[in-house]
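First chain written, first letter: the chains are A, B, C, D, E and F, and each begins at residue 1.
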């Protein structure tokens, strides 16, 4: 594992967008104006990094499956920066703590070699191995990540860090909020209208079928609270059921 | 142990159904329509994985001995997928933590090599070495398992993960429920009727003997709450007693 | 120590009854019908293992010194099984945690080689190094033992496990009770009559002396609560005192 | 990492001001007389160290971003001492605990070689890896730092230590305050006037634009509580917004 | 240290009374009939071990300095047994935990080679490294000691273990009391009379001086509560003072 | 570090007074009769060790900076004993726990080689790495130190141990007080008179200036509570201020 880690952490200088593109495989449904607003703020910080400030750290937070990773990936991929990288728990699974630390350290040292850089730190609470029972987490990993969140890149290099988390209050308790220059909330779907936009985009049944879904859902609960990620998978699940309408209602109302 | 682990984790590519078949050695008694319902839901997710979604994670939960492992094994074995594997505490007994992690890591990397895969993660709370006093558990093992629960297989590979647990509330406290796309409850036997079906299937005494058992049991408690696993062993124990009827009543009423 | 451990854990295939016989050095006094009842239940499970069920796990619990180990040893030695073994803290003293785990692992792997097996796990709470302050215990040892408590022997092998503990409530807190198919209570001496049977068997003084002991004891406390083990040592201690009657009364009333 | 550490900790004898100068890259805005007062006290302790006392330890404390590091750097750089060094978490990121300890130890041993020395210990709570949850920290690092805070340099060497922290109460709980000869508070911007001085210095818009900012800010809250560091970055962020006045107000009022 | 340990743990077979004799360097003052009673009980258990029971474990407990170690040493040295050994924290200072365990293990294995053995385990709470804050202790050392407290010597060997502790309630909390066959209290000096006996024995001043001490002490407190050990050192300290009477009173009343 | 440690712990046999003399660099101001009293008691125990008792352990305790180390050093240096040594946290900075233990162990083994010995254990709570949060400390170091506090030197060797601490209540909680034969309180300056004696000795200003200081101080607080160490540094600090009188008042009243 350690050798793998070393191998992975010395990629050629430059763009390595593969992982980030994977996060956008399902596309971005424009189900609400909020989606646009978030991208606008993100792009503005991209400009500030490019033209003025050597280090900006942003925090994107919201419930599980609300679309944080996809939106962070979108901002990064649209930046046109020569170095964009994803730091994600997926790439560090089964590594020892010290291998993870070496991996993180190398990723940032790599970033420091390019003039304009974006690092997306995905699922920060998972990277630090946070578990609410105890609570437990790796302080050693936490220390290296938070040091890099505040450490200015050398010389004239620029770095924009976009961190995602579904555990805002955990970061608060860990006193990490002062590490970020700004934080951006990514909400769940909250209205039937928003959900209808998703069904339309996913071509779920026809207008009548969707109306039936909305009607039944509305009679159970006036407001939704489901992330875009789960909404999209539920629509697919329902497609394989015997009664797609009822099953989708059941899955969305759970 | 570590060498053993390495040896075990590099099996030939393809189906390895031995362990799963062991879980069904005693067969499936159709003691209630609930049994059929659970299998139906399971098979539907098998179809969804095959035809559409790259990663589905299910959770089967219920009291100790309610039949979770047998049902998960049945769904997996019926899938016809080229790769079906069981990740169970039994295979990792006496391994060190790092050997367990390597074992789990390798099992999933193996799975990623086949186009259609099912992994049954049996007794998740035991895999993470959960003990309610403390509480204690291996966070390192937990991290690697939960990362794989959410990590999409590469390219066009598909993966259905069926996890079993008798400690639903533990997973809740560990904030793991958001890792699963759906969860399925596997209940205990709860009526004398259901129990009678099991006695009939096991050919315990004759109609009169079984009626006597049900009558005596019914006079002690109106409802049962015993898992199918224990019910079947109790029937066998009673067979070796001097007074099978009374002993079975006593064992079932304990 | 580790080499010793390895040496000890690869005994020749077959019966190894030495340690179990040591547990019966002082014999079994038939001081109450309860003694017979416990042996009867035990022998019944021996039959079930032999003829039907591949794995049975029993728990014998009771106060310190109540005779659990001697009774478990008796059941095992009477079974006529080709493989009977004692897993006891005594044999693992001063081993490291990993050596203990290897020792336990090997003992069970050994057992899996014989068609009919009994393993007596003596003093489970001590094997897991339980201490009520903290509380502390070795989770690694606990995991390996509990895995073997539920793991079916391969092929047609049969295994009866008899576990003893003087800390029933500890096992309860550790959620271990569901690992056992049945549990059997081994009580202390609770009446003067029972104690008299022991004095007679040990030939302590004559009828008059014993009557005096019982009379004096009875005037202090109407009921006894002393284990057979301590009762027998106290009788010996009194023999070496200047006034055996009074000293025995004092020791038994402590 | 360890080899790197060793390499870094044996710099040539003498001044090594690079890191300290980095801390002053954005200059010192004279936004309030308090800034001057802090520098005056600092310079006085520089004189005392030079002419009389072999060891002085100061503590600069204040909220996150209030300018502690910049002020400590200024005092050190103005001293004219042959040896001025910065001990900062940035230089120890990803080091193991023992590498950090060796690094700190070597830095002070280095300092003991020069007649007049200043060491700035930046972000003490981060150096000891403090996290409020637990709480957790490295006692080994804490021990080595606090020993050096009180250890007199050998022979006639002189040492002024300036420590910064944004967690005064943590040091209090750790019983560290008795390690310092004096402590100096570095406050946030607290009036609109102070903030105006910063806007003027940063040439944010014109008088009218700044007046609008102050007017809007004043209508939201009568008093500010923002550090100079964040105030300066917010001004830059606003510059890249579509409506700089409103965005600056929003950022400052957050 | 480890090599030293090994060297020390393989002494020639037989008596090794040196350390035990050291414990009696200051002799035994017969300051009260209680002293005789304790020795009588001890000697009786020596006889029982010699003639009948293969393992006896005693516990001598009392306040710090009350004379436990000296009395245990006396009983052991008077036994005439071929093997008498002292297991004391002093001989294990600065050893690692595993070296201590090996040392203890070897001492008992040694003991098992001789037909009649006494092991004095001195200061059990210190051997297990007990500290009330936490509380902390070495569970590994505790496990090895308690296993040997209950483990019968092989074949016809006999073993008497005399354990001392000044922390009876700690052993109680650790659930260790059931490891001992009997426990013997060693009290402090509690009357002026007892203290006078000690002064006489130590030839402190003359009758008049001692009467003055007793009178002054009596006017401060009606009852003493000082161990024999401290009483004897205080008498010596007073001898070196300018006013022995007053200083002794002050030291004894502290 | 470890090699350094070994090198340092094998000094030539005999007196090694360097470190102790460093503790008295600033001399002893006779600011109060209490200073003389403490030295008198100390010298008396020196005599007792020399002529009678093989082991005496003293504890000097008092607030931070009250002069404990200087007074202990004075008693040791005045003894004329061939072996006087200082065991201080300063000499063990950056050592690992095991290196510290080896260092302490060797220092005492060294001491056992000389007929008359004094060891000053300075800042015991710091030697055991005590931190009130947790609380945390090194139990391994604590064990080795406390064993040596009670361990009699071999043969006819004599040992006086003088321990200092500013955390008396910590030692109390750790149950260490019974390790000491006596304890001696070292108080802070508590009256203006005492402080005046210090100012005179340090030649701070003239009589009028000092009177002004005392007058102003007295109007703020009727009683002082400052250690001699801080008092002396404050006087020096004031000398470098623009207004020595006011600054001294401010520093002393803080």
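Note that in this section a contact is a pair of C-beta atoms (placed from the backbone, for glycine too) under 8 Å apart; a residue touches a chain by one contact, two chains touch by 3 or more.
Remember, it's a predicted structure, so these values are computed and weren't measured experimentally.
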item	value
Given chain D and chain E, the chains that contact each of them	F
For chain A placed onto chain B, the superposition rotation in degrees, Cα atoms, nearest 5	60
Greatest separation from chain C - chain, by CA centre	D
Homomeric contact chain B-chain C: same or different residue positions, threshold half	different
Euclidean distance of C-alpha centroids - chain D vs chain F, Å	33
Centre-to-centre distance between chain E and chain A (centres being mean Cα positions), rounded to whole Å	66
Chain C: positions in contact with at least two other chains	none
Category of the chain touch graph - line, ring, star, complete, other	ring
Complete ring sequence of chains beginning with chain E, oriented so that chain F follows	E, F, D, A, B, C
Of all residues in chain B, those that touch chain A in their complex	44-45, 47-48, 51-53, 98, 101-102, 104-105, 135, 137, 139-140, 142-144, 146-148, 150-152, 173-175, 178, 181-182
Chain A-touching residues of chain D, taken from the complex the two chains share	1, 22, 64-65, 89-90, 93-94, 96, 126, 129, 131-133, 136, 166, 230, 233, 236-237, 239-241, 251
